[in-house]
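The same subunit A turns up in both complexes below, where it pairs with subunit B and then with subunit C.
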Partner chain A sequence: MLYKKKWPLLIFVVPSLIFMLLFLYIPFIENIKNSLYDMTTIVELPGTKWRFIGLENYKKLLTDTDLRIAILNSFKMMVLTVIFEVGIAFVLAVMVSQIKKLQQVFRTVYFFPIVISATAIGLLFKLFYNYNGGMLNQILESLGKDPVNWLQPSTAFIMICIPTLWSYVGFYFVIILTGLSDISDDIYEAAAIDGCSKFKQVFYITLPMIKPVLMTSVTLAVTGALKVFDLPWVIAPNGAPQGITHFLGTYMYQTSFALNNYDYGSVLALIIVIFGVIVSKGVGFITESREEKEERRRKKHVQRRKA
Partner chain B sequence: MKNKVLSVLLVAAMAASLLAGCGNNDGKKDTSGDSKTPSTESNAGNDDKSGDDNQEASANPVTLKTVSMFGGTDPNAEVYQAINEEFMEANSHVTIEDNSQTSDEDWKASVATSFSAGNEPDVIQYFTDATADAIVATGKFVTLDEIRAEYPEYAQDTLDSSLEAITNTDGVQRAVPTTGFWEGLFCNKDLFDQYNLELPTDWASLTTAIETFKENGIIPIACSLNNVPHYWIEFMMLYAAGEEEYTSIPETAPEGWVKGLETFKTLRDMGAFPEDTDTVDDAYVGQLFRDKKAAMQLEGSWYAGQIEDTDNTVVIAFPGLDGQKAKAGAMIGGITSGFYITKKAWDDPDKREAAVKFVEAHTCKSAVQRYWEITGAISKAAVEVDSIDGMTPMALSAMQYTNAASSVSSPTDGRLGSAAYSSLVSNIVKISVGSMSAEDAINEALEIYRNGASASEAATE
Partner chain C sequence: MYREEKPRNRRPIKIGTIVVYFILIFWAITTIFPFIWVLLNSVKPSAEVLNSSFALPKEFTWGNYENAFSQLNVLNAYKHSLLISCSVTIGVMILSAFLSFAISRYDFKGKKILNSLLVASLMFPVFSTIIPVFRMMVSWKLLNTNFAVILPQIAGNLSFATIVMIGFMNSIPIEMEEAAYMEGANVFQVFFRIIVPLCKPSLSTVAIFSFLWSYNDLFVQKIMIDDPKRFPISTLLERISSQYGTDFGLMAASVALIIVPVLIVYCFLQKNIIKGLTAGAVKG
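Let's look at the complex of A and B:
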């Protein structure tokens, strides 16, 4: 045992626990309770009493077409996040780790987009995409071409994904770079002596050794993609155009605060949490190492034997 | 030993910093530190100042918490703050803690939260139509009759018709108005002259104008269907359905309403709206209009303050629809906001006097004259205002329009309430591309209205 007396632990842990209880867990339970009522205002005002509607909101989930679009878009975003955010971050990290001289400069440059507020990036890209006088259309017009409506239904999703993915590459870049620095150079030297090319080194040495770091990044990326809100909302609020770019996060915000349908918004928030849990458990399951898989199976076997 | 003491001190400091955010409020239900409700500093101020001796009632220092919708870049905000300063100079024992914001859905939610947490302001300038129903139902506002029993000259400058207009949906008058609004079609006359077009007076001339502008690369109508299609909703429903059907609350979607909203698709197919109307917001299309890239914009009297080119911009009546049922020149407008005094202020004898004087300072003839003038002298004033010399062509056209209005109807959101109306607004884009029928959208909104109405009935039983 690390500490003989446990009470110092309690002093440090209890305040945060109280804080989380008050501001996270209790509101979460309240949220589930609220979803069973028809909320007319955001809090129950003294003169009104909310009508109890039971599972009506949950039934509505099954018939809501906008929700289906939102779930589909969120899953698409998850896949794109893993491939592009984590993927590009990995490639950049590997390349930057090979550089000796300007490594610090590149680290700063690639990390910088995270520091900029997502709302600012969203507004910036919105100005780029403007049909009348946006930067992209100005470039097109100066080349003599017709202006393009970048946020038309066929291209809107991609146009929204580009800044969303771009802004967070730096985050995973830094995480993976740190993980890479943990791999000792001896292994690379040994491989080089054995005639392993740089490219094969990445596959056979780097990837396996930073697997835990990559898996953490993938889990973070996937759960982040599920909740993404600020950038899509600023560029295309209310699922514009024509309800095509709904994401779970923006759809929940629209339902609660634009449409004042707070109870249904509470249900959507709950759905996001449930999806988040399922997805992160799923990622953990898919990516667990062979040893962990065998450990899990062994434990199940032992439990079955006991029962 | 030293380390332990140090670490315990640090933990205590951290715990204390967590509690610093709590003020006099009921704690948990309060929104976060940077909330839009009156800050905790004003609570501390209250504790210091008004808890003192009550010897001379008139000289007791009073802190008045006020909230209004005159915030941001609203020209009214200038007048509001100026009147506040003058009031504090004239009444040196009163300190005004003001927390005004431009109204939007987030702000309305924060007002509701403050009322439910017992943190409401002393005086609030708020809506008087169905938007305010939930807050009126808390019973925290003092009625006009109650105030006049003590102060018979309260709101004496306000016109009777204006007071009638701000009656809450339960039939009781509580607020005192300053100005009302009207809605009309703003036109860039110079663009019309450039292409030899007459200002539209009926559906045919409107379609001619739209086609001509489209051919010449001018956006005919500046409107963001995704953000603020409200005014087109109102006028098209009014003209297609006629005044009586428009102002009713039907059981199912009436033919007039459906026909009105279907015109969104007609106009969109004609190319009347901007190419990116699905994704841009109202501020953007407003800029297009002011930059003379768009020819027409349906807006309200508040918009006049933002027009820079007042020589070449005019306001005219809505041209009309094919087979319209409303009279030509029918107008949408009304008075839907005013200053309320809350029971919190009324029950405190020091604050009562200050609050009454405060409202009178903002709603007397001279104050309303200032509010009326700062927004271009073209909104509807709640008192009898003196006309001013040298009115701009825009103001003159607006005056002609409002004086010649054949009928005045108040907009639908005041009757249906915000939940039902915002559902309708959110479906306009789908109606305009034909992926949802106008009938379904209206029925959806009406159902939300009925659910809300039955909820409040259940509450009063």
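Let's look at the complex of A and C:
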């Protein structure tokens, strides 16, 4: 290392460290501590103390039916993001990589919804879904059909998922397209000369070669799905109707900041962290397991030979 | 051989290409159409939006925009949003450049711990820290000020930005710094005259994603600011949707107002923005 004098580190490291301690690490620990207390107010008023109640808040988890809905919805959202966000993005990316013209235009257009805030997109779709004169009902009317209440209990969840999924396709599209451009053309040429059709090329060359990129996208999509808040909240605040469109994020917000139930909100926040860790490790495990298995098999083989 | 190949491949590709273009253009339309629809309807009177939202405006009006500016004080919200997002961006840029320089160029006790703390904090979603941060802001009496949004957002973006920056700084050869250092420049001169100019590409990546994350975020704003006079743009929009939900023209105009500035910036900087947002995400 070049720099021997250590004192400039004070200036380089300390401000960031203070920031992160103050706003990330200490709050994270405090959140765990809070979950064990009965928080009557957000700030302990002079003369009052929060009561230590141990795992009392965690017991509530087992009987909370709204939470069950929120967890279920969040998991459904994860599955949908993998199928529709990453899936559609993959198909579009493969198609765009095949064509010569307009590549740049498609990239620009597909990516655009990412830079627009989820709040604006939520508001936009609210205009589409509105019962009285919303865009979708205008289409139905012009076809001579009765207007539909799009945010009724049976369809609300899907109606919230559509904009969420739609707005993020472009993100994975660009990531996958970048991955595709790293695959050498020679491989495709060799395959074409051997009589391999375009479809076969996608299955036998493209898919295996961009597997790492796809897995990064899946991890990002799944952990992102766990954190959705803005869009569902704007379209259906408080999990409307009757809490059936709650996700973990919106349920945590409502519990802590609309109902001021801070201690139980802390537990819910922890649940989000735990799910996040499990899910991202899970994706890693599924993807690496095959190679690891092969390696293990190889090692066993070698050991047997030695024996 | 080349000549033999060509006629064989030509026909199947052509039909396939048409289908491919058809699908690609279809998706492009689903992406553009909602935004054009909302721009189109923002210049119609509300009644016309209700009846014929697809037609071109029969009666062109700026009324919705006038309402948005006079009733909702959109300009004020823009001011707050820009103040917040610019402060977050500058804060993240400075702190992450400092921290990544220290980590990539110095050896010190606890460097490994610092590194793993950085990576670990990527697993903390904003939900897991927001209640204690909210409590702090209440006890510091910072609630309803821009600081209450800026400070946690800087912290939230910092670890990610630092990791992106460390990757870039490690790839910068050390020779130039060595030469400058031998010539008698001090560490700060080296940092500001050599490192910062060389890091421009990754600093712009950091700037782009910090700004957009902060500008587009609703969650932190919504918790920290509940005084309508101090609403940044996202909170204001959310308020509009719950309060003026029947005034379609006004809603369309306010969506347009949030989209248009971003659209203009996106047109000029799209390559940088796309690269910034995706490169940033993949590295984390």
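We adopt the following convention: the second predicted complex is superposed on the first by the 262 of 307 C-alpha atoms of A that agree within 3 Å, B and C clash if a C-alpha of one lies under 4 Å from a C-alpha of the other, contacts with A are read in each partner's own complex, and residues count from 1 in each chain.
Everything below uses one rule, namely that contacts are C-beta pairs under 8 Å (C-beta built on N, C-alpha and C of every residue); 3 or more make two chains touch, one makes a residue touch a chain.
Remember, it's a predicted structure, so these values are computed and weren't measured experimentally.
In the superposition on chain A, A:F19 contacts both subunit B and subunit C. Ranking subunit B and subunit C by residues of subunit A touched puts C first.
In the superposition on chain A, A:N261 makes contact with subunit B only, not with subunit C. Of the two partner chains placed by the overlay, subunit B and subunit C both lie in contact with A:V43. Touch criterion not met for A:G87: it reaches neither subunit B nor subunit C.
In the superposition on chain A, contact of A:G170 is made with subunit C only, not with subunit B. Looking at the shared chain after the overlay, A:G243 reaches subunit B, while subunit C stays out of its contact range. Looking at the shared chain after the overlay, A:Y253 reaches subunit C, while subunit B stays out of its contact range. Within subunit A, the residues touched by subunit B in the first complex and by subunit C in the second are 8, 11-12, 15, 19, 22, 26, 42-43, 130, 132, 237, 257.
Across the complex, subunit A is touched by residues 4, 7-8, 11, 14-15, 18, 28-29, 105-106, 109, 112-113, 115-117, 134-140, 219, 226-227, 274-276, 278-281, 284, 288, 293, 418-419, 422-423, 426, 429-430, 433, 435, 448, 451-452, 454-456, 458-459 of subunit B.
By the touch criterion stated above, subunit C contacts subunit A in their complex at residues 9, 12, 16-17, 20-21, 23-24, 27-28, 30-32, 34-35, 37-38, 41, 49-54, 95-96, 98-99, 101-102, 105-108, 114, 117, 121, 123-136, 138-139, 151-152, 154-156, 158-159, 162, 174, 177-178, 181, 187-188, 212, 215-219, 222-223, 233-234, 237-238, 240-242, 245-246, 248, 251-252, 254-255, 258-259, 262-263, 266, 270, 273-274, 277-278, 281-282. Within the complex, the subunit A residues that touch subunit B are 8, 11-12, 15, 19, 22, 26, 38, 40-51, 129-132, 149, 151-153, 156, 235-238, 240-243, 254, 257-261. The touching residues of subunit A, counted against subunit C in their complex, run 1-3, 5-6, 8-9, 11-13, 15-17, 19-20, 22-28, 30-31, 34, 42-43, 88, 91-92, 95-96, 98-99, 102, 105-120, 122-128, 130, 132-133, 135, 138, 166, 169-171, 174-175, 178, 192, 198, 216, 220, 226-227, 229-230, 233-234, 237, 248-249, 252-253, 256-257, 262, 265-266, 268-270, 272-273, 276-277, 280.
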